[in-house]
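There are two complexes below, and they share chain A, which is joined by chain B in the first and by chain C in the second.
Let's turn to the complex of A and B:
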């Protein structure tokens, strides 16, 4: 415990180490927050749930903080529905027919147009479909008839995709024309601010039938991270990427360094054929290329993160670190205190664990800390190559999605930038601490 | 002596294999050591003193060519034990060891308390508290404050570390402690201090010591027997007081003549020639090439010849009637 405190005290002298520790601390905090706020099953459900789950989100929306950098206010998503208190009146007509009038009003204060408009209808009837007409009321008093149709039990009317409507609106996309002055062209249109209303009048042919309506005016921005092509909140992936990346990097680093160290120590201590076998395996393993093997595993066997982790650990057990450790341990083995330990009857494994391995720790810890991000990068690299885990959201997976959807050509910079920033922060945080630890544990480096 | 001695070594041999040939580091050594005795093993560098210690403790390097003989301690031939039983039953329970350069013999990452208690934990399976209690007693006995238990070896001076190594050697109450050059790297005050501690302990704990050194002056404090080694063999063995007064073997005489004395204006002597190459030994007496008194019989290997006063000497000069005095041999 004391040694730990001393190490921290030494580390605190390096501003870079303090920065690194803060970054790592923040990442760990994010990871813990994520695990509590979005439990694993919930995270998977959100990420893999399909478009229905995210239907109220805009597609490819930019992050909301973008407003800061411009004078204009970009539009946010507006949802009005009868279930959330919009006015609905029902009149029964003779002969079992009924008329339902719904008014969906909303305020539009933004400087940008919506990205999309959808109307969701949920009708209750037995056999005869109700007949519904829609009217768009603008702040300047204009009334635009959107159309009429008979609706099914679950009807989705994509107003912004209605071609006939666009035709009638002067070949302008409805999401622009319905918010702009009548003579504005697509290029110079600005939205009219004020109170809009969508009026719905439904004619029902059966008693006890009813209808619920929900209007979603999708914004241009969403949340802190924006959304992707499947309307998913990128924040889910960014958040969930943190514990996944940290766990992956940490486990891979632990798995490879500890086993490597142990094997090196066993080889050095027992020597003879055991050492020879370990050295030959290491040399053969050294020329096996890691990435191509992982790619083949991903292509032909499994892309599961844990299979990859296992493969990485297996391939790094006999890594060249064994040679480094061996060179140090060969010296340690000949020191008087090891011979003394032997003289007082210390068993082989007690010597290995209590006398030899502790001497390596100063070399190991900085290496270990700098090794963590390299495994995080490896995982991200695999994901970017399309070999990411098919279930878990990871940073690399987000970059891969962005790449596959041409994010940078389309200007969705945030889609690539945010996960890259997380990856870079992780790398920088661990590297800063690792380099400082190296100096704490190997004082000879301090003059360099 | 009617009762069996604590230690009996019979014809112990330890040969090493090197690229140049076989090194006969310990070549047929036999001696006995009683309870509560201290024998000092004297000899120049490379005569096989440390190898003798290693052979007794079975601390062998990889290149052993031959390792045999009998080492009977407390009635058990420990040479017949396999490695694991030797580790459990001989090391530290019967024989403990203060290695050469004992200052570096402490694990740098373990506290002094854990270090001293280690043999108890390993061999007796003692709990940490009990072992620490014993370690504290032992530290005080070798003259270190009890609060040193919590320190790391690098926080100790050379003498303190030496005493820690000593405390460790004694903590499990072995009957025999081998000290390999225990004071070689220390200043004279610390040397004297440690020798005093050893003397006290020998009295209190009924422990026997094998003290390996080339420091004749310091060893005379502790020893009541002397064994002189030359070229892997014991050439003289006997009572310490008599030895220091009148060494018998020509090599012993030369060795003693090289020790400086206070207020004694004698010229320090050295032995001409080189210590023998342990790879190509002569058939006869191994000291013969450097011996000023060699004569015809020296081409045969001399046995250890019993003398009237109980001493034994490996020199033909002391065979039968022939007596030697003042450097003149009478035939």
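Let's turn to the complex of A and C:
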């Protein structure tokens, strides 16, 4: 414990190490928060739940704080529905028919146009579908008839995808034309601010029919992280990526360094043919290409993160690190205290575990710390190649999604930048601490 | 991969040229050659097993053949009118033919040794699916076609990194503790992220936002007619990947070499040389660079052979048509001959380099006892 405190005291002398420790601390805090706030099953459900779950989110929306850097106010999502208190009046007509009038009003204060407009209708009827017509009322009093249709039990009217409507509005996309002056072209249009209204008039042919309506005017921005092409909140992936990345990097680093160290120590201590065999296996292992093998496993067998983890550890057991440890351990083996231990009859494995390995730990720790991000990036790299875990949301998967959907061509920079920033922070945090540890543990710099 | 070998300076030792030494040298060289060859054999055989997933890939291939032949026969107008039994027979016949062509009719265990023999004798055979742009199915042609692209990209970068790093490191090691030294060293943690990661950023800045450099690829489409235009286009496409790789590896290389030179320049004999009042140029060349030559040679040799494997992710991010992408495509299409071909060449290059280095060490540093410490290899 004392040694640990000393180490921290030494580290605190390096500002870079303090920065690194703060970053790592923040990442761990995020990871713990995520595990508590969004439990595993919930995280998977949110990320893999399909479009229904996120239907009220805009597609490819930027993060809300991007507004901050510009003068203009980008639009946020507006939802008005009869279930949330929009006015609905029902009149009975003679002959069992009913007339319903729904008004969905909303205030539009933004400088940007909506990205999409959808109307969701839920109708109750036995046999005869209700017949409804929609009218759009603008702040300047203009009334635009959107259309009419008979409604199924669950109807989705994608106003912004209505081609006929776009034709009628002067070949302008409805989400622009419905918010702009009548003569404005697509390029110079600005939204008219004020109170809009969607009026729905329905004709029911059955006495107990009813209808609920929900209008979603999708914004250009959403949340702190924005959304992806499937309307998912990227925050879920960014948050969940943290514990996954940390766990992956840490386990891979532990698994590979500890086994490597143990094998090197066993080889050095027993020497002779055991050492020779270990040396040869290491050389064979150096020929095997790691990344192609991982790609093969991903393609043929399983893309699960944990299978990849196992494969990485297996392939790095006999890594070239053995050679480095071996050269140090060879010196340790000749030290007097080992000879003393041997002279009073200490067992082989006690010497290896209690006397040899602890001596090399200081050399190991800086390497260990710098190894963690390299595995995190390896996982991200596999994900970028399209071999990411099929279920878990990870940072690499987000970058891959962004790439596959042309985020860089279309200018959705946030989609790439946010996960990259997390990856960068992880890399920088561990690297800063690792480099400082190196100087603390190996005062005479390091012998390459 | 830098080496854990530390040498101190060369002392002039009389070299014995007795017959015993020669015999020992020969014996050592032979043992080394045999042991390295065995390493290559085992490594390549393991790669063959892995690339075929212990025979599992055969099942995938058979299923693919079945599907392809089936749909080809069904789509064939002249065969469509045949009775079902006849059609079945034709399909089976063609499947058998295709399986024989790919050697799938023999058990995998036997075939794996044929593969091994072919691979080791460098008769790389024919690719199963991939073709070179010129249309050849020879693995040799497929690989050779991609080689220039990888050599260009990685050769440029590695040479820049290697020489810049050594020169800058030597320069900094003499100005230890100055602001410049600290600034460069503070940048060393950039190595935590791999080159492809910086690549994404660079694409975002220079291709996507500023639109001054291309997103990826090697030359414009269509390639410019004139030589000058072609070279310019090549340079334009080369800029971002090279910059990405430099960001990922230059500073850590400087850091490592600087540490290395610092250790050597704090040796007693350097202090003595300084005390004697030797000019700093002489100290640098004769007292620092000379004893550090073996590790520098090692590093350079490994840099050279690392060219061979290319970089799968970086080349994918930049759509660079190099060996890394080839390997990725080959894996994606189960094209084992191409995978094995690429692995076996790498294995040979690696073994050859290690072997030559062993001999070279003995030449550069007479204190490395030949035939003595066998463990100090690679």
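Heads up, the rule we're going with is that the second predicted complex is superposed on the first by the 445 of 448 C-alpha atoms of A that agree within 3 Å, B and C clash if a C-alpha of one lies under 4 Å from a C-alpha of the other, contacts with A are read in each partner's own complex, and residues count from 1 in each chain.
Criterion: a contact is a pair of C-beta atoms (placed from the backbone, for glycine too) under 8 Å apart; a residue touches a chain by one contact, two chains touch by 3 or more.
The structure presented is a predicted model; accordingly, all values stated were derived computationally and were not measured.
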{"item": "Comparison of chain B and chain C by chain A residues contacted", "value": "C"}
{"item": "Partner chain(s) touched by A:420 [first = chain B, second = chain C, both, neither]", "value": "second"}
{"item": "First, second, both or neither for A:159, with chain B first and chain C second", "value": "neither"}
{"item": "Contacts of A:117 with chain B and chain C, given as first, second, both or neither", "value": "neither"}
{"item": "Which of chain B and chain C A:350 touches, first, second, both or neither", "value": "first"}
{"item": "Which superposed partner A:359 touches (first chain B, second chain C, both, neither)", "value": "first"}
{"item": "Which superposed partner A:280 touches (first chain B, second chain C, both, neither)", "value": "second"}
{"item": "Contacts of A:322 with chain B and chain C, given as first, second, both or neither", "value": "neither"}
{"item": "Partner chain in contact with A:335 - chain B first, chain C second, else both or neither", "value": "first"}
{"item": "Complex contacts: residues of chain B adjacent to chain A", "value": "57, 59, 62, 87-88, 90-93, 96-97, 99-102, 104-110, 118-119, 122-123, 165, 168-169"}
{"item": "Parts of chain C lying in touch with chain A, wherever the complex brings them together", "value": "1-6, 35-36, 38-40, 42-44, 46-47, 50-51, 53, 56-57, 60, 186, 188-189, 191-194, 196-197, 200-201, 203-204, 207-209, 215, 256, 259-260, 262-263, 295, 309, 312-313, 316-317, 327-328, 331-332, 339, 342-343, 346-347, 350-351, 375, 377-378"}
{"item": "Residues of chain A defined as touching chain C within the complex", "value": "16, 275, 279-280, 282-289, 291-293, 295-296, 299-301, 320, 323-324, 326-327, 330, 370, 373-374, 377, 380-381, 384-385, 399, 403, 408-409, 411, 413, 416-417, 420, 423-424, 427-428, 430-432, 434-435, 444-448"}
{"item": "Contact footprint of chain B on chain A as seen in their complex", "value": "271, 335-337, 339-347, 350, 354-355, 358-359"}
